[in-house]
Structure formats: structure tokens, C-alpha cells
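Pasting a structure below so you can have a look.
Labels run A, B, C and D following the written order; every chain starts at residue 1.
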């Protein structure tokens, strides 16, 4: 990757594109350090959606008239845009869903219900977000397959060495793994995992919800079979996500949601399914949201994913350095080299809710909780952590304000 | 209902709220007669969404900080707003989904997979949109239940007299019926159907996609057990719909999508589900879309549903009258008294695609196709019809332009 | 309507093929036959073919319900392919037919225009095992089984 | 921070109950016991109760992991309910506890504040069959089974 090809990201300039920063919170400027939960929105994306509604709106695909053609073009261009982002072999492999969670459920139901049974093994990691954990646990229960969890080492990295023992002689059919952990920022070795999975005849379902906003993704290089992401975490609107899947798999699968648009022909006795991607897109699509997502991708690519990754890396290094000055703060997670822009930490003797609450009074927004990672929380021996996460609009001063705020937290609760 | 309580709808004033009409199409003002497929959007709704993104955006429910509290309030106020619209006993019975299609699939999967089996009968009507037809056909096939179709009479009304014979001695478990037909405008007697269904121990799944935009709905008076609708057809954004269900049923049901947010606790061995409505809302909700839907409901209620119904009734009477002047045009569907603002018709010897295409050159947008109602099309003996549909912004002149356009169609193809 | 727009799409030749379709009516017996639907609008076309030595197409007969574009395109296609081999037609790019039509088509109307070509390729595939367009994926299997 | 906002939420009494929780530690033996979690943040509270004649609450003991609000609220609650009957506590409106807390709570923090009350009601329900809050619906069954 030509890491030097893109100019450095100027977060102050980027920030000016985000209207949310034009207000004060509790009388302070907003330091939004919760982008891992959901990102803020640039004006450019909002304008693209509104323009679509104001000039090109109609239901898609079936209309013969001008507005319907424009709306269809908007949706299908967005599909092409996503396919390019992911280096997908074909746009028809891109299915629009509501969020990463729905994308993973689509695979768990439409692939899992027909391909899993007693004697099969489904593997998820202890690091997973509930969204790539519970659907597999649930479909395993429904089909009688075994659900097993790949453990972590003490710094929150996957114990790939435990894989063989984990499946024993079992027939492993699915390996579900996140690319980047939302709780610790761990960047997982998906390529290695995928090689192992394919050697054992399993499919790999990659959760890219936390990777897609921050780094270049290439489904062919990753070697995964399915990949899910959410628009709202990458400057796009709520209400849209993507499931990418290999065409052969998608074509061989049963449909998931059925109804309007996804059919070829409906008879009283028998119904045949439509072609990809329509087969998986029942009902009216999130059209304006797709247009917004495409604009968000344009926005991020104009900044450049390499520049984004470098920017967040620098912020993370800075944050880890500053937090290490506080002896009463413990950070969790892997070393900087294998960590994305996420820092999870604990403040001695103060519950994360109280930390986050006091920081909020300072205008600093962080997340406190289990981050939808209860298995990981148990592994760490906590019920919750504090999490600060960074994005294109994050500046160093916000990290300084976080640290100052933590001193106040310490003072208030000691 | 106090039909005279609301002032008449002034469609010219309403129209000024819709930016889409500020353009010309093929050099003509836009006559948008395809609202049954999806409605256009008032400025008020777009502004509410943009304001939410610009001032109150964050991921909902778990955040302790100010923006997260505002976003959560936005989503939950929208839920209350929908509950009031439907006269639902409780807001926790309102589940946000992508569209009516997903809402119906939720019931088909989460209720159907666990409650249907061989010997059970599932009834849908021949008038159904594919979205309330195929999910039942599909889940019946998966569970071994019998799928049966309630026939229509020649004017496109349900043959309620055929119900008893249809189920014979079978154990009827589900009756799936639309409140208003999107293809013919037929207003169905759901209350009667629900009484019959409950006497037989079946649940009633009402498709309100085509009713909610145009008339007052009351789930308690209708007597249905589930009801689904789409935001995009009622001045709301794409990407959001609603499933309402009776609390006892929703609580007794398995979940549908699993993952983040919908759990109480996730263990390696066992996971317990959260409370209503969260149990059915896995992953990040369509938050801004919910805020937009609430604004759309506010907008429609300010006009008044009685006024809307009267306005559309007058337009429909006018359209049926004008079309009856054309001996080479055949209209389908029930008499005016039991018809919503939808007129389906055929032009002698000209295929609907060609009709719609020529009308588009005149700036008149109508729908041509099977309207996701292939069973009905077969019953009518056609593959497609032309459909004009009306909404709050429709004015009589647009119907005059439709009729003029049809003369041109006739001339061009004779 | 600006007469221009109408005349561009429904140019004289198109209307002529629509009103007087060539090779209309199904052949019986036939060496290859298939039916297809446009799932977007429900339009249907059935095509029959008689083949001569070397699998050269000698006769084509079709019937269908659909718009002027789909019917005229199939009519023009039926003239166009006579004298070609099944293998040639299997590989015939849709652009060739679209050139012949010579009208501006939006994505939705494009589907109308190429429905007949798809059904013809399917008929030849079923009878002679000629390849199907790659972009159909395995969805084509569905069609074949019907 | 405007000192006002902090002081409103974490007023002295709250911080005192948090730092010096009353009735801390589980009772053994106990006549009623239950555990509960706040699904939003994973916080946990366990409550034990000793009942006297007429099911009057004589002693309460609790343990938990959670924020200052949830721990202080449970501590205050444990004092508040002593001397009341199980039946009275089952019907105790959450507003009574919130009044006692006397701080402004957003919806998310409200869940923290009433976690202990919910667990106490659950303990009494399991031991004595007292009613559960109606708004819990059948989701409560899940809790009971745990």
C-alpha cells in the first residue's frame, strides 16, 4: 500500500464539514469520541440525500417514467459504488440491508438453516460483537449444530493456535470473525483465519462494521465468503447496511425475506425467485439511504483511506501515551501496531457510567458499557469499560480534554 | 367519525410543501400519479431528519452522554407517535423495521416457524400484494402447513362466503389480508375477516401499507393481531416501516434478527432476550428515519385523515367519471364506495408500458405492471395494468392531463 | 409531448414491427422452444425455432404479451438470426440487437428490448446445450427447469 | 463542568450512599433472593431479604457492580423498605424511590436508578408470589427462571 501517496488528513478542515460541531454541549464545544458506535455526518452526505428526495424520488425498478428511472439509477449507482469500495467481483454480489446485524442474520438464516445440522461446528470468536455471535449461536441451536467460541489471549488477540483443538474432529462449517474489534480495536488476521477455514471446508463471515469506516477493504484479498458493514458508522445515514457475498453462494442459497420485488414469478402453488441481488432485497429498498451511503463513500475516498488510517493511528498513539500518564487508568487491548482507533480503559474505583457522565458535563462524549461484547467483558473480568474512539474529525485537543476530564472524575469520586 | 370536523384539504397549498413539484419533467409540470408505489416528501419531513442529524445524532439507548440521550428520545418519541396513530395499547408493541415487507416476514419467521406444522392451514387472499402472500406461502412450505388462497369475485372483492369451504375441516392458524388493495383500491372488510379468524383460533396479519397513508387506523377496532406499514408511502423516508403486534403474542414469540441491542444477556452457552420492543430490533435502528416518520405523521395529522380520505374520494370519483368517457378504456375494481384513491385500467390494444411511456413524455407519471400482484393479474386475465393513484398533493387538473394523455396514446398506437 | 421524444423511441420501423410482427405464431413441430418472463412487469414471450444442417436457424416463430418495444424487438430479432448457427446466436451480444433497434433505452426499457433474445438463447441452450450468458449466473437454471 | 450539573446529579447524599452503602453484603440464610442485570450496560445487583411475621421485611442485604446511581439507589432503597410488608413493596411505585433520590435523571440513568427496586420485587415475587410490575410483561418470566 502506498502509504505516502495521500496528503495527510487535516482534521480541522474535515471538521468544518460536520454541522454537529456547530453547537456547544453543556456550554462546551463537542468532543465526540464515540464514533465506533456511530459516526457523525458530513454536510455533503446530507445534501445528497435531500437532493435525491427533492429531485429524483420515486419507487425504484418497476416504474417506466422519468423519476423512477432516476431513482433506480441512484440506487444502482450506489451498488456499483459499494462494489468498487470492496473490490467485489460484481455489483450483483452487493445486497442492501438495514445494518451489519441484518446482513449477518441473512447469512445465518438463508445459508445456515439449510446448510447446518447435528455434527456440524460453527465457530465465533470471544472478541465478537453480539451481532456476529448471537445469530450463529441461535442458528446452531435451531439446527442442532455445535457452537464453539475461539478464545483470546490476555491482550485480546485471537488464539489461532487453539483452532485445531477447538473443532477437534468436528465438521466445521462456519467461521464468524470481525475484522476490527469494536471493544478493543484489535485488528484480526482474517486472511489467516480464512485460509484455515477454507482448508476445513468452512465459509468465513467477516464482520466489517468496524473496519469499513477506517481502512481499505478488499474482499478478494481477505478471502472471506461474506462480509457485512453498516452505513451509519462510515458517515452514511442510519437505516442502511451492506451484505457482500460470493455470487456462487448467494445464488445457491434460499432467499431470506420474501415478498415484492425479489420474485421472478408468483403462482398460487409455486413461486420462483428473482436474480441477484433482487432475490435478497424484498420490499422497497432503502433508496435514499443508498444514495447517502454512496455520497459518504465518495467523501471518505476523497480524504483517502490511507490518510484516515494514519490519522487515527497517530491519535491512538497519542491517546495511549497520555493515558499511560495516569497510574489510576488501565487500558485494555493489543499493542499499537495491531490496533485501530479505539481505546478501552478503566478508571480505578469509578464505574464507567459515572466516568462517561462526568465527561459529558465537560462536553466530552465517550461510551461506557459492554459494547455489545459480553463474552469479551467476562474474559476481561469486568461488566463494562470506558471507550474512546476516533475518526476523521477527531483532533488531539479532544484527547487532551478527555485526559483533563479524567482528572476531574478521579477527584470527584475519590 | 365526525367527517365534517376537518376543513377540506387544499391540495394547491399542500403541494407547495413538496419540493419535487418545483421542476419540470420533459418540459412539463410533474403530474405524479404513482403515490401508491411511494409518496413524495414534504419539506417539513426532510427538515426534521436533517435537523436530527445536525443537532442530535448519536447511536441510541446505550450512550450516557447528551447527544445519545437526544437521539434516544427522538427514536422513542417516534415510537409513541406511531402507537398513537394506530391506537395501539402500548408503545412497546411498535417495532421498527425497514418496510411492510420486513414486518410481515418477521411474523412469518418468528411466529410461523414455531407455530405452524403439517395439518395447519394458512390463508392469504388472491388480492394480496406479494409481500403478504409469498412469506406465507414460503413459511407454509418450510413447515409443512397448507397454503390456501381466498378467491375474489369479478369486481375484485374478497369472497368471504368461500372461507368456510376453503379451510374445510383444517386447523386455520393464520389469515393474511391487506386493508386496502394496492392494485384495485378495494377496501377490505378486515373486521369481519378478523371475527371469523378468531372464531377459528387463527391470528390475523393485516397489511396496512396501502391504508396507513390515507385513512385513520385503529388496531383495536380492526381486531387484527399484527399490522405492518411502510413509512415511504406516507410522506416518510425510505428505509423505515412498522410492525405492530399484540404484546402477548410478541412476548411469547421467538426473536427474529438477533445480535446487538436485542439481548438481555449473552453467554457462551446461553443468551436471553431483551424486553419489547428491543427483542425485535437487533442492531442499530433506523433512527433518523424514525424521526422522519414521526414528522410525516405530524404532517398528515395536521391535514387530517378524514380530510385526506374525502379529498381522495372526490378525485377517484372524478377520475372514474372522466375515464368512463373513453370507450376504449376499461377500469378494474370495486364500486366507488368501497374503493380508495386508486384506479387501475386498460387501454384497448396498447400495452401498459407503452401507455406509461407516452404519458411520461407528457409529464404524467403512472405505474404500469403487475403491481406485485401476479395472482390478481391472473384472476383478471392480464399480465399488467395501468394504475393511477392519488394523494394529498393531487389536483383535478392532473387527472385531466391523464385523460388528455390517453387520447394521445390512443392516437399514437391505432 | 415533444414529438421528438415519442418519435425517437417509437420510430416508424418499431411501430411497423409492433403492428405487423414478422414470424409471428409458434412453430409446431419445432427443434427448440422456450418461454420467458420479465419479472419486473410480467410480460411473457415464447419462442420456437427450426434448425437445419449444422444447426443453422431456418425458421423462428414467436408469440407474446408485452409492450411495443419487447414485441418489435423480438420481431426484428427473428429476422436477424435466420441463417445463423445456434452457436453464433448463443454468443450474440445484446448490443447487436440494440443497434438494430436504434432507439434510446432506459434501463427498465432495456429489459423489455432484450427479453426475446434471452428466451431465444434459452431455447437453443435447452435443445443444443449452447452456453447461456454468463451474467445470468445460476438464476438461469431456474428458467431452464420451468 | 458547571459545578451545578455535577452537584445536582451526584449530590452529597448520593455520594455518601455510594461510598458507604447501607446493608451491603448478602444475607445467608435469607427468605428471598434474586439477581438482575441492566441489559444496557451489564450492571448486576443481587438482593437478599429476611422476612418476619406478616411478611414484614426485617433485613435487606445487597451486592452489586454498577455505577454510583445504581448502587446508591439500592442502598437508599434497602433502608426505605425495612418494616414494610412484601405486598406493599411489590406495589411500591418507582416514583417513591426517585423522590428519595431527588436528582434529575435521563431515561438511560433512570434504568440504573431502578435496577435494585426491580430485583427486590423479583425476589419477593419468587419467594412470596407477590405481583410483578405489569409493564414488565412476560419478559419477567425470563428473569424468574434464571
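Basically, a residue touches a chain if its C-beta (ideal position, glycine included) is under 8 Å from a C-beta of that chain, and two chains touch if they have at least 3 such contacts.
Here the structure is a predicted model, which is why all the values come from computation and not from measurement.
Rounded to a whole number, the gap between the C-alpha centres of chain A and chain D is 36 angstrom.
Centres computed as Cα averages put chain A at a distance of 31 Å from chain B. Averaging Cα coordinates per chain places chain B and chain D 44 Å apart. The multi-chain contact residues of chain A, meaning those touching 2 or more other chains, are 26, 62-64, 68, 263, 265, 353, 357, 368-369, 374.
In chain C, the positions touching at least two other chains are 40-42, 109. Contact topology of the protein chains: irregular, matching none of line, ring, star or complete. Pairs of chains that satisfy the touch definition comprise A-B, A-C, A-D, B-C, B-D. Within the complex, the chain D residues that touch chain B are 37, 39-42, 106-109, 135-139, 142, 146.
On the chain B side of its complex with chain D, the touching residues are 61-64, 68-69, 72-73, 76, 92, 247-248, 251-252, 263-265, 272-276, 278-279. Of all residues in chain B, only 19-20, 22-23, 25-26, 30, 32, 34, 37-38, 40-41, 46, 50, 53-55, 57-59, 62-68, 98-102, 104-105, 108-109, 126, 129-135, 137-138, 149, 230, 232, 237-241, 255, 257-261, 263, 265-268, 271, 282-289, 353, 356-357, 359-360, 364-369, 372, 374-375 touch chain A in the complex they form.
Contact residues on chain D toward chain A in their complex (touch as defined above): 1-2, 5-6, 9-10, 15, 40-44, 65-70, 109, 112. Of all the residues in chain B, the ones that touch chain C in their complex are 26-27, 351-354, 357-358, 361-362, 368-370, 374, 377, 383-384, 408, 412-413.
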